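Pasting a structure below so you can have a look.
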Amino acid sequence: MSTSLILLSLLVIGIAAYVMASSRANALSGGKSSNLHSRPGYYGSYAAVWAMLPSLIVLALWLSISPSIIETSIRGAFPDEVKAQPAATQNLNYGMVSAIARGLPKLTAEEVAGITDGSIDIQAKLGEKGVPLAGAAEPYMIEGAKNLTAKTAVSRLVMTGVVLLLAVAGAAYGLRSVAPRFRARNQVERVMLWGLIVASSIAILTTIGIVLSMLSEAARFFAMVPASDFFFGTVWDPRFAGAGGTSTEGQFGLIPLLAGTLYIGFVAMLVAVPVGLFAAIYMAEYASPRLRSLAKPLLEVLAGIPTIVYGFFALVTVGPFLRDLSQQVNGLVTGNYMNFIQAQSVLTAGIVMGIMLIPYVSSLSDDIITAVPRAMRDGSLGLGATRSETIKKVILPAALPGIVGALLMTASRAIGETMIVVLAAGVAARIDINPFEPMTTVTVKIVSQLTGDLEFTSPQTLVAFALGITLFCITLCLNIYALYIVRKYREQYE
Amino acid sequence: MNMMSEAAVEKALDKKMNDIALKMIGKDVSVHYGEKRALYDVNLNVRENTVTALIGPSGCGKSTFLRCLNRMNDTIDNCKVTGKITLDADDIYDPNIDVVELRARVGMVFQKPNPFPKSIYENVAYGPKIHGLARSKADFDQVVEASLQRAGLWNEVKDRLHESGTGLSGGQQQRLCIARAVAVSPEVILMDEPCSALDPIATAKVEELIHELRTNYTIVIVTHSMQQAARVSQRTAMFHLGHLVEENDTDKMFTNPDDQRTQDYIMGRFG
Amino acid sequence: MTNIVSPVAGAVSPAAAPRRDIGIKRRYAAERRFRAYGIAAITFGVVFLILLLSTVIRNGYTAFQQTAITIPVEISEKLIDPDNKRATDPSVLIAANYPAVVRDAIVKQLGIDPSKRTEVREAAAMISKGAPIQLRNLVVANPALIGTTVNVTFLADANIDSANKGQIDLNVPEANRKVSDTQIGWMNQLKSAGAIEKQFNTGLFTSGNSSRPEAAGLGVALVGSLYLMLIVLALSLPIGVAASIYLEEFAPKNKLTDLIEVNINNLAAVPSIVYGLLGLSVFINFAGFPRSASLVGGLVLTLMTLPTIIIATRAALRAVPPSIRSAALGLGASKMQMVFHHVLPLAMPGILTGTIIGLAHALGETAPLLLIGMVAFVADIPGTPLEPSTALPVQIYMWANEAERAFVERTSGAIIVLLLFLILMNLGAILLRRRFERRW
Amino acid sequence: AARDQVQVAGSSTVLPYAKIVAESFGETFPDFKTPVVESGGTGAGLKEFCKGVGPDTIDIANASRKINEKEAEACKAAGVTEIQEVKIGYDGIVFATDSSNGDMKIEAKDIYKALAAEVIVDGKLVANPYKDWSEINDTLPKGPIAAYIPGSKHGTREVFEEKVMKEGCKEAGSTDVIKGLISDAKEASAKCIAVRKDGVAVDIDGDYTETLARIAANKTGVGVFGLAFYENNADKLKVATVGGVAPSTETISSGEYSVSRPLFFYVKKAHLGVIPGLKEYVNFFVADQMIGPEGPLAEYGLVAAPDAEREEIRKSVEEGKTM
Amino acid sequence: MNMMSEAAVEKALDKKMNDIALKMIGKDVSVHYGEKRALYDVNLNVRENTVTALIGPSGCGKSTFLRCLNRMNDTIDNCKVTGKITLDADDIYDPNIDVVELRARVGMVFQKPNPFPKSIYENVAYGPKIHGLARSKADFDQVVEASLQRAGLWNEVKDRLHESGTGLSGGQQQRLCIARAVAVSPEVILMDEPCSALDPIATAKVEELIHELRTNYTIVIVTHSMQQAARVSQRTAMFHLGHLVEENDTDKMFTNPDDQRTQDYIMGRFG
């Protein structure tokens, strides 16, 4: 049976179990549900869970483990001289075997025979059928492939049997457990709880995945470039080390990127936080429902505009505008019409990114502010506080944890943004305290080092992974600090 | 102090006799919550330096009327108030009136205790702070202590002033809210069932407070305890189904009311 | 406090009593300022939005129109099937010299001497290079057309399209323009003959990508984005909400859950391209999903969106007052029931906001798609999420990098389409959110 | 899973050409699906290419440079032993400014002087002091120096360094002086090509559109473009002659204009005849109809290889010659 | 019906005489909120089919003890309960006990009315729904109406059953919460000042309800009205500063208490 068919049968068994168990519970209750511990639906769900969950787990495990078990046994049957080859070659050989095995079912019996006795060129034959082979196949590979096909078939058959049997057995067990005092709801809720736990573990798995997918490459980078040069270097200048290039590998100083990241993020937050917070406060506390229901989605559009659009907006409109403005201002003040704001600058990037981030602050904060119970507002207004005082002294403190969460997310987005920075602040890695000069961020460099024409094993590319890991650790520390702050100032209403 | 207070009482009584010092006047006050009408043309005056009790069965509109007096109904979206209410001859629903000043002058204790999720100290100091009634730390300490004393809560909380006000028992929260309202010394204090969660002793303390406040302040109190109304108030108004049934001197009200319904209600023959 | 207020003389109005100074003027000024800040903030955001949108719309609305040339085409048997073998060998029809047919048609329409080779070439260049294919499909579908003359509407070449829309600066020296003066003359000639007209650009929505600007469309990208968003919505919303519920309502409050919380916040700060790396190694290399497929893209974007939804949901859950929880528990509801019956509905606005913002972000994201092969030239509209496809932001990104001028308006046009997509997508959530919003 | 279309990845410089070919291919062969062409850079493309053999790996890697040793080894280790290299033509690299500027004639040494991190002044290596084009060469227009050059990850950057900076260094006579000052040969040659970091030379990590937009925002700036991009935007840009030669398909293919580089793609031989359409695609690509001087690629801006070289390419494809 | 109820009362009295039917037993119950200790080794038994009143000054720990009886204290983070409480001989703090089932058997009306922000109907129907006590729409209608009737709220809200429960007056909310708790017919009902916001008539109705419920249910009520305690309860427990001062038959308690403090408190000589 194909996997999807098995899944379908499991579903059918599950539904059947549900129906039977709940009707059985109904019958047991004798019309008075207080005789039962749980509602009949819970008994049904309990039986369905028993029918489907174990069998699904077995199915998943089987599907993921059996290939490697079969692989080991096939490899064990390889001739000794093949086994003596280096591991990489062996892997390739096994790749061939599985490719042949993929092709075998597409061949007729004669063709298989032909292949086995060597009268037909297997590579060409399988190529015809759309299965590419990396090289010429040796007899032991064909043998292995046949073996593989056979074993896979057996494994699948057994798996189908086991899984379906398990499902039926589970359903029966679930059904048998139906008894008035049986705590079906607790059991079902326990399963749900595990579901929730699994969902939250996805976040953990993502983290592990991210760290793992970067760690080994980052380690390779640090094998080529000393960590101290990376962490304490103040010059970012990875040179082009192309094919047979003569140039050296350049310098990979983290500091200018980090400074740029923090600076640009800071300016962006300087725009986004006040604007977003005030917008949220206005929408939640002052605006008429109509204005609010219009303004909120409008501002949310800002979050959906692709960042490249912001980037070009910064490059073509905001940057030159600020430059010309500074020219005029300088001219009026000093008489020297020299622009002091560069067209590409921290300021430009910060402002434009800040605009993009407004809805992150405004929409979330608005929801949280709206959720503060009315009694809090009444209490303060009744004492003669103005609305703004109420907001500042009562509502915002009560909404603080949520708002801080929103702000953290906003800051995170600011750190993770690329296109706006590239187009608005450029890619020049410099250290400067003047916000009117260009700088760049870690993220920009991660993207630019990962794309482009360099080979993947050069430190120029690998540095992206080192940057990624470092950024990860730094933001982690910032987040821990933020959590500590929130804990300290949290106010629980009621 | 006692002397003075007595003098004040006398003065108040004088005024009452002449029927002049009307602190607040409600004329044809009607309230709608959306479609539902909650008050029907209520004409009720609040006399200065007097305790006015509002009584009536649950849901008859006492809180609604009370909330009209300092415009707390403004905060309810679908609530519409018509008619005229004056405070010291100023129409409080006049667009030019300043709600904040109004509420600073007409303070309120809500029916459901609603302490801020802040420390007990901050809860009480909040009003004086926003109105600038205290400056130095010492001022604040003094105001906080005095207010908590008056609400009869000081002894219970003096060791935990900096713990959260939401961690108090129900009755303690109610007294905290009274302390909070008293701390800004408004001219009129509206109290919506201030003793509902209080034991007799605490109730007595609050009643004493009301008595004491009366010399300088005007008080409107909602209560469902006839005894309490009789004990603390000079004037009583009886509501029923959104109508003002009767308004009268408390003594008269509880001995010989004009309206049959009042009589029935007070006698517990109602419903 | 016990001081008696100044004695009231007789029947004088009590209003004469001096009022306390509670700094009302100053406070009202502060109040007005505060309000003004709010209005300013909203105005700031909306003005920028309008500025952005108007720029985009100004540049892009022309992309929704397309110049078409309708000319009579003589489908001569001589050119298409000179040896009359089409009955036996259908491939003749496919391989026939359609470009010549198109060329002859335009040459005839303009009345050019067919022997002047450069002029002929220039004239032929006015019609899209896709025209021969269009003609071929026409003939293959209906071989009876051979030998007849039919009116066919071709797309004009992108440069003629631009010229027709007035986007080409005729003051630039002819050598530096893509359209010659002769072609402009011809264009005007065709215009006065009524052979050139602007029509609605349906191809923009239905065609796949193309290297010819006039034929390039967003079909693949639209379908791809649709798949992506469906996958992201179907996965990230339930997973995100489930994770938040566990962390906020069930998880014991200890160092481990703190770690998870911090960790999720931190995931929001991971540059999106890193998710691309993760997707490449997990979904393509490890799990063996195909490259360029929207399924993989959807999974990657799901991982990227999860932190946003989780953070928003947790904040919303936290804002539900505890009294609601005690009320439910006190009635004998289990914790699960309490959460799903009471807390979750009250937290819904926040959850939906998180979803709106998260999906908006996912809809506009390019970088992670780069590494899993979705930044690609794809011409065929994908039938399933396993087939190669692109996405709207990718198309915008790629068109923005095209050299041809005609792609400029299309880039803006694509942005408009993306925003429409965004608005449509969010409309449901916004309406739903309004339903759930209430104050208590 | 079997795949029914060709998958291509790699250099974004080659992308437009591959796109044109893929599209025409799809139209010409209705039986085959149009190939999918990813962009993402030569390095990433080759990395995917070298992942192994089979339908779950790509068939062709586009490259704006030759595959290097390490990459070829990685390929081999993963079983990609037979790789066909196909050269498709040349990419000309031009310098251009905003069209409002006057004619610009530059020499490699001007660029070197304007952009080098350190230049020789009075026999000493000092940080680049020049601020205005006219300080370098009075034939150049007056205006502050600003240049938009490809980012250090781009293949074009390498060409820029090798063919312009290094040449300019030599022309300006600095090479020998530097060699005299610095003993280490590697370091000395690095000095020649190091670009100043004071904001005068701006790295562009994006595409030429970004360079174009930057020039539009700063009219005195000089940008580095591909020939194809310039030709499509000739109305907005003014191209500079280098060494007196104006860049064009003719001057580049004849070698007169030196700043150019070859473009390639690499084919996985094991996939030929297996992935439907792959063989046809490769043949279609190298036909004169595509890469010839009259073909659509040349029209777009590719500099076609000389006739003989194209013949060579076709022959080696025909023979299935591997590296 | 009346007959039966009388019989039941007699039965209950019988049990009481023999001192057997202890529905709940609290042994050495102590509660800490963080550092602060709120209850000190309370030993208090709740008899079956009896109304037990808890009295004592505000903040003495009445609510805290009440919340221990159905483990609502579990939901307060820093609250720690020690000692042993049994319900029908099962230790309710046993890890194996099902808290949800416990709370379904031991219902609670909170001190602060906390209706769900849903319609009045849904507020009442919620309990029966989750416990499967009603199936059809008609069942639900019937349960909702009966419960609202019993809480004396039906007449006031019958026209607006589908409006929000939070839009009710304070007293109406309180009765709604009572109706909600009664709708699931728990074995034990804990009421924390159920009449605090009610007028005398509504109070009388609730007291009547309590009286009626007593035949089948066990009731624990917190009240600060001595009169109410005397009226409705058979047993009274007096708390002071976290200590159980005295537990006794109500009659005895109000006439001749064993403890001096009780006497003082009841006489109002306290504080």
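All chains are identified by letter, namely A, B, C, D and E, in their written order; residue positions are counted from 1 within each chain.
To be clear about the criterion, contacts are C-beta pairs under 8 Å (C-beta built on N, C-alpha and C of every residue); 3 or more make two chains touch, one makes a residue touch a chain.
Computed from a predicted structure; not experimentally measured.
Trainee: Check every other chain and keep only those touching both subunit B and subunit C; list them.
Mentor: Common neighbours, subunit B/subunit C: A, E.
Trainee: Please state, in steps, how far subunit D lies from subunit B along the shortest route of touching chains.
Mentor: 2
Trainee: Among the other chains, which touch subunit A and subunit C together?
Mentor: Touching subunit A as well as subunit C, we find B, D, E.
Trainee: Which chain has the mean of its C-alpha atoms lying nearest to the mean of all protein C-alpha atoms shown?
Mentor: The most central chain here turns out to be A.
Trainee: Hey, which chain ends up farthest from subunit E, C-alpha centres compared?
Mentor: In terms of C-alpha centroids, the chain at the greatest distance from subunit E is D.
Trainee: How far is the middle of subunit A from the middle of subunit E, if each middle is the mean of its Cα atoms, in Å?
Mentor: The mean C-alpha positions of subunit A and subunit E differ by 50 Å.
Trainee: Need the CA-centroid distance for the pair subunit C / subunit D, whole Å please.
Mentor: 31
Trainee: Which integer distance in Å separates the CA centroid of subunit C from that of subunit E?
Mentor: 59
Trainee: Between subunit A and subunit B, what is the separation of their C-alpha centroids in Å?
Mentor: 57
Trainee: What residues in subunit B touch two or more of the other chains?
Mentor: Residues 77, 100-101, 104-105, 112, 130-131.
Trainee: Among all residues of subunit A, which ones touch two or more of the remaining chains?
Mentor: Within subunit A, the residues that touch at least two other chains are 185-186, 312, 374, 384, 386, 389, 447, 450-451, 492-494.
Trainee: Going through subunit D residue by residue, note those that touch at least 2 other chains and give them in order.
Mentor: Correct list: 40, 44, 206.
Trainee: According to the definition of touch, which chains form touching pairs?
Mentor: All chain pairs meeting the touch criterion are A-B, A-C, A-D, A-E, B-C, B-E, C-D, C-E.
Trainee: Okay, in this complex, where on subunit A does subunit B touch?
Mentor: So the residues of subunit A touching subunit B come out as 289, 374-386, 389, 393-394, 397-398, 491-494.
Trainee: Quick one: which bits of subunit C touch subunit A in the complex? Just the residue numbers, please.
Mentor: Spelled out, the residues of subunit C in touch with subunit A are 22, 27-28, 30-31, 34-35, 37-42, 44-46, 48-49, 51-52, 55-56, 238-240, 242-243, 245-247, 250-251, 258, 260-275, 277-278, 281-282, 303, 306-308, 310-312, 314-316, 318-323, 334-336, 346-347, 349-350, 353-354, 356-357, 360-361, 363-367, 370-371, 392-393, 396-397, 400, 415, 418-419, 422-423, 426, 430, 434, 437, 439-440.
Trainee: What residues of subunit B sit close enough to touch subunit E in their complex?
Mentor: Residues 33, 36, 55-59, 63-64, 111-113, 152, 156, 160, 167-172, 175, 192-193, 196-205, 224-226, 265, 268, 270-271.
Trainee: Under the definition above, what is the set of subunit B residues touching subunit C in their complex?
Mentor: Residue positions touching the partner: 1, 4-5, 7-8, 15, 18, 20-21, 23, 48, 77, 88-90, 98, 100-101, 104-105, 130-133, 146, 185, 215-216.
Trainee: With touch defined as at the start, can you tell me which subunit A residues reach subunit C in the complex?
Mentor: Residues 185-186, 189, 192-193, 195-197, 199-200, 202-204, 206-207, 209-210, 213-214, 274-279, 281-283, 286-287, 293, 295-310, 312-313, 317, 355, 358-360, 362-364, 366-368, 370-374, 384, 386-389, 391-392, 399, 401-403, 405-406, 408-409, 411-413, 415-416, 418-419, 442-443, 446-447, 450-451, 468, 471-472, 475-476, 479-480, 482-483, 492-494.
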